[in-house]
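Below are two complexes that have subunit A in common, paired first with subunit B and then with subunit C.
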Partner chain A sequence: MRRFLLTRLAQAGIVALVVGALSFALMHALPGDPAMRIAAGRYGPDARIVDAAEKVRLELGLDRPWAVQLTDWIGSLARFDLGHSLVTGAPVLEELKVQLGASVWLAGAALLLSLLIGPTIGVFSGLRPGSLTDRLGLVGAVILRAMPPFVLGLILMLVLAIWLGWLPPAGFGSWRELLLPALTLALGLAAVSSQVTRNAIAAVAKAPYFAFARHKGLPEAVVVRRHGLRNAAIPVVSFLGLQAIYLVEGVVVVESIFAYPGIGHALVHAIIERDVPMVQGTALVMGLMFVVLAATVDLASAWLDPRLRSTQ
Partner chain B sequence: MSTDIASVPLLRRPLNGARLFGSALLVVLAGFAILGPWLVQADPATQDFGASLAPIGGDYLLGADHYGRSLLARLAYGARLSFGMAFLTTLAAAIPGALLGLAAAWYGGWIERGLELLATVVLALPGLMLVLLLLAFAPGNFGPLFLGLALTLWVEFYRVTRATTAAILRQPHIEAAKLLGFGSGYILRCYIMPVIAPTIATLAAFAMATAIIAVSTLSAISVGLQPPTPELGSMIVELLPYYAEAPVHVLLPAVLIFLLVLGLQLVAQRSDR
Partner chain C sequence: MLAAALVIGFSAVGNSGQAQAQVLKVAGPWEIGGIDPAQTGYVFSRLQVAETLVSADPSGKLVPALAEAWSVSDDGLTWRFTMRTNAIFHDGTPVTAEAAAAGLKQAHAGVGVLTQAPISKIASDGRDVVIQLEKPFAALPAYLVHFSTIILAPLSFDDSGRVAKIIGSGPYKVKSLTPPLKLELEDSGKWWGGAPGIGDVSYLAVGQGETRALMAEAGAADLVFSMLPVSVDRLKRNPMLDVRIATIPRTRILKVNAGSSFFDDAEERQALSYAIDRAGITKVILRNAELAATQLFPPALPGWHMPDLQPLTRDLDRARQLLTEAGWTPGADGILEQDGERFSVTLLTYSSWPELPPIATALQAQLREVGIDVKVSVGNSSEIPSRHQDGTLEMGLISRLYSIVPDPVGTLLQDYGPGGSDWGAMGWSNDELHSVVEQLAVTTDPEERAPLQRRAVEILQEELPSIPVTWSELAVVANKRITGVQIDPLEVNYGLASIRWAE
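Presenting the complex of A and B:
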């Protein structure tokens, strides 16, 4: 357990350093004087911009050697200080708090929906390999896998929001706005998790302990619940660990398509506006979200499968 | 940007129906991408407002978009762009990835430790985020997009090559070959390449599919390639406001991406069902 935590902490540290170094390089490689850009962002481009830039340069110490500045940045990161947005002037941390909350809701809803859709289809397919359900499930999974998430999102938006008018196409507020982007992400995840479940259930159904449970006269539902689901859940949960990447990346894409105000949306906007402190802050938060997600999934697999606990 | 590690080598598997269909699909699409821009006389950037949203089958074979640009020409150039970009990215990821994997397994020691550290660092970041960070240097440019994708995709090739090669090198027949005085070039050519080449081919097909999806997605959320370029993802978003008047026009680029990715995934699929 201690080793596990240390590995994850190291991973989080690596994420912070890589993102920091890249954004730092970004700040210095972009054309133009960083002090000028910050001054323009803060006070708007006016006649006294050169004086303002000098003040910013002195205030932020932008004339020091870059190694000193990088160390300084890491120091302020350790104090949870991410600087100010070049566009709004607000502290990056304040903006991120709101956006991260929205994204966590979205990711959570997507995970929940995908667990309702994928494994359910998988269990029905796996218990009867070769049946119509099984074949339809496979075709559906192949189609969803070959479709970029943004196309899926646009199709859902057109059908559910515009033609049928069931859900709002974009925005933020209640669960109704959350449902479309969450469903887009969930279907992408379910495409694979249904197949992983199907294969796991099919394997479990062939196992001797499963046959024994049937022979001793347990009703089918009890056999599946007690002997099937938990064993089949192990590969599904470890698959979700791999898909933590899909979820974090999907958040960026889906939020942009549905204009949902989360960190993914913020990252894309910060890149278009070249708001480097925001890029740095959002990328950092998304990287850490990825580490936390992966760690949670690892803990969940250890809880499901006691055999894993001894090796960790 | 995750790719599945296909444990069954590509060239060893029987050519079943799905793979045959996938290969045929890819041949047709590659033909369209390579020959299309050459056969289609229309220029993908020439605007003709008189023909705005022209229907399919008239003066324009596949209709025209809202600026009256020939959709057939734009689709052909878009397919060439997607295919070409994905192919180059995959090459730029597969060659260094596989070579580094070979080097790590062959030399071991500090080379292996250093490369492992590098791979861990890249794996700690979601791939799309690395691409987005690099894209912040110059949104809408080929360079950072290409570099970012290659930088995330090489790890898969590196890890699989290292693991496979290390397993082969531990086997007794390699020891025997070394004792008989065969050089490392011979061992590489006769014992290692035949085993890892099919695996790399499988990974490459998945990596190409990933690259095609990534480029179109990033262009659709307007940080990838910018609109005048006939890119399939940005074409969908550009045509989306006109979905009511010309639904098929919006669908065409989407279907083209779908078929490209489907073909690649079918060719690389696992046959363990």
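Presenting the complex of A and C:
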């Protein structure tokens, strides 16, 4: 366990350096004058950008060599200081606390909802392969997965907020505002996890131990709970790690259409405004989130499947 | 069963939501990136948290705000703004001339509009804020309407002089701020103008126009600003909503490089103007044919919009004739040529205003009809000033605001002064216009100003250093739950304090 944690910590350190340096390099490779972009980000397109850009350049020391700027960043990172946003002037860490908090709630709610929806449908489909439920599940999954999150988001907004009036269409602050964006992400995730579960359950249902449990006269629900779910959960859980990519990608879009503050929203704005420390900070946090998620998935898989523990 | 449980759950939530119905919910596109007045002062000024010395009514007339009166010395060099005696900051301290002078000094040292006025000294003298100028400048009070000059309490600033919190003097004070999206306000209980009609206000920044429209339809916002043209017709049919539209002093113009061989003759710029189908663009893209810009300034700028001016129209034959006179002849592929050079230019625009890229592609097709080859490039708004500076800009489609201060003289001075500016003329200069604008800058008497304003507009219409394409409008949607909504085309102050719940 200790070795496992140490390996993951080392991975996190490498991710931090690579992500930071890469985002720094990519931001500097973009065409255009960063001081102009930052000035436009700060003071809006109607301002006298050229004058403002000169003040920004002086204030932020943007004319220093890039190697000095990058070394500064790494030095600060070692002291757990991510610097200040070039646009708002607030410490990046403080901005991330708010944004990350909001995103974690959103991603967490989305995962929870997707686990309620996806595997439930998957179990019903997998136990009766080829049935109407199974086929409907497949059609639904294909449609939901093919639909980009912003289209799905707008449809849900239209149905649940406008026609039915159940939920507010946008905003944040209470769980009511959280539901629509979370559901948008959850349906995309459930589209795939329902199929993974379905296949896993169908495979398990064909296994001799499952057939034996049925033969010995256990009620169906008990058979599924004792012999089906745990075995079928192994591929579903490892699949969740991959789902994280969809989640992060979806969060960026979903936060924008639902006016929900979060790390995706922050990243998009920081890139447009050339706010290098913010880009580095958000990319870093996202990278570390992947590491934590991958570690959690590994631990959960090991818990579900004792055979994996010996290999770790 | 799951569905039934969800329905019951949601309905219960729907009812509990009623308890919060007493908050006036406002949605608009502007994010609150920070609290520096030069940066996001407009949010605090429009939502009436902080006030300026001078304000403007919806017709553009300057009206007293924190200063109840102002006057200028005979030589035009000393302005005195007399502070009202009953204004109090949200922290309970009085709004004094001293506090106002300190705030204006900060604004003058920053990057806001005040840096463009020829100010030599700002001081306080009893109840007066005294501003000394280097040369007469009639537009000074109009500059003090700008949001970057909002007056904050001394305790708003930290030791280094940066704004650390917003303590204003308006009818609303900040209850909570969650940058960049949410601002909650409450009745300050101290406003000199009396208590606002609705005590609690919540502002949500919603970047996506479609989302704002859906919020209005769902009743999730009482007042929604800046609707997209495509949503307006649908919202107008909704009996719960009141859609109001005002033309605002913002014009979408083609900024051309008059120093390049493509646009160095007035005939070439006129030809370009004749080639543009403004009515088509406004009808299809903006869904309002009235917005075709027949001259630079829209009707929202009285005194600067001349109804009797010969309008800019489409006339392809005239366009072709002017281009021929300027020496351009069609090449083998129909694109014009002169001395072996093809009339092929890049049109740069940006997507901060979502309608600009589609207008740019429409222009591309229209200019092709007279033999001009246009490549459209969509970038960031800062690229226009940047390419202006390094001289590589050929043509830019931009959205220019003429009421940054309520007197467009400031913008004219900037845009069409010697050397042009970021958003103004490029490679173009006109001595007569300079002298007219210089005279306007020192003339306060409206009767003396009128002929000068007219001449300035005429020169711009003949010479076309920037080619007007369309005017802009501000569409505001109010739920019929509320009354007393006023549309401010200058976007200085949304008058939330006079909004009430409908009976």
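The rule is short, and it goes like this: the second predicted complex is superposed on the first by the 259 of 312 C-alpha atoms of A that agree within 3 Å, B and C clash if a C-alpha of one lies under 4 Å from a C-alpha of the other, contacts with A are read in each partner's own complex, and residues count from 1 in each chain.
The working rule: a residue touches a chain if its C-beta (ideal position, glycine included) is under 8 Å from a C-beta of that chain, and two chains touch if they have at least 3 such contacts.
Source: prediction; values computed, not measured.
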Partner chain in contact with A:P149 - subunit B first, subunit C second, else both or neither: first
First, second, both or neither for A:F290, with subunit B first and subunit C second: first
Partner chain(s) touched by A:Q11 [first = subunit B, second = subunit C, both, neither]: first
First, second, both or neither for A:I272, with subunit B first and subunit C second: both
Touched partner set for A:A259, first subunit B, second subunit C, both or neither: second
First (subunit B), second (subunit C), both or neither touched by A:V50: second
A:D305 touches, of subunit B and subunit C: first, second, both or neither? neither
Overlapping contact positions on subunit A, where the subunit C interface meets the subunit B interface: 154, 158, 256-257, 272
Subunit A - residues contacting subunit B, complex: 11, 14-15, 18-19, 22-23, 26, 29-30, 138, 142-143, 145-151, 154, 158, 199, 242-243, 245-246, 248-249, 252-253, 256-257, 267-268, 270-272, 274, 276, 279, 283, 286-287, 290-291
Subunit B residues within the subunit A interface of the complex: 1-2, 120-121, 124-130, 132-137, 139, 209, 213, 216-217, 220-223, 233, 236, 240, 243, 254, 257-259, 261-262, 265-266, 272-273
Interface residues, subunit A side, partner subunit C - complex: 32-33, 36-37, 39-53, 55, 87-90, 95, 98, 154, 157-158, 161-162, 164-173, 176, 256-261, 269, 272
Parts of subunit C lying in touch with subunit A, wherever the complex brings them together: 10-11, 13-14, 17, 27, 31, 33-34, 36, 38-39, 111, 115-116, 162, 178-182, 204-208, 210-211, 214-215, 217-220, 350, 352, 379-383, 385-386, 389, 399-401, 404, 414, 421-422
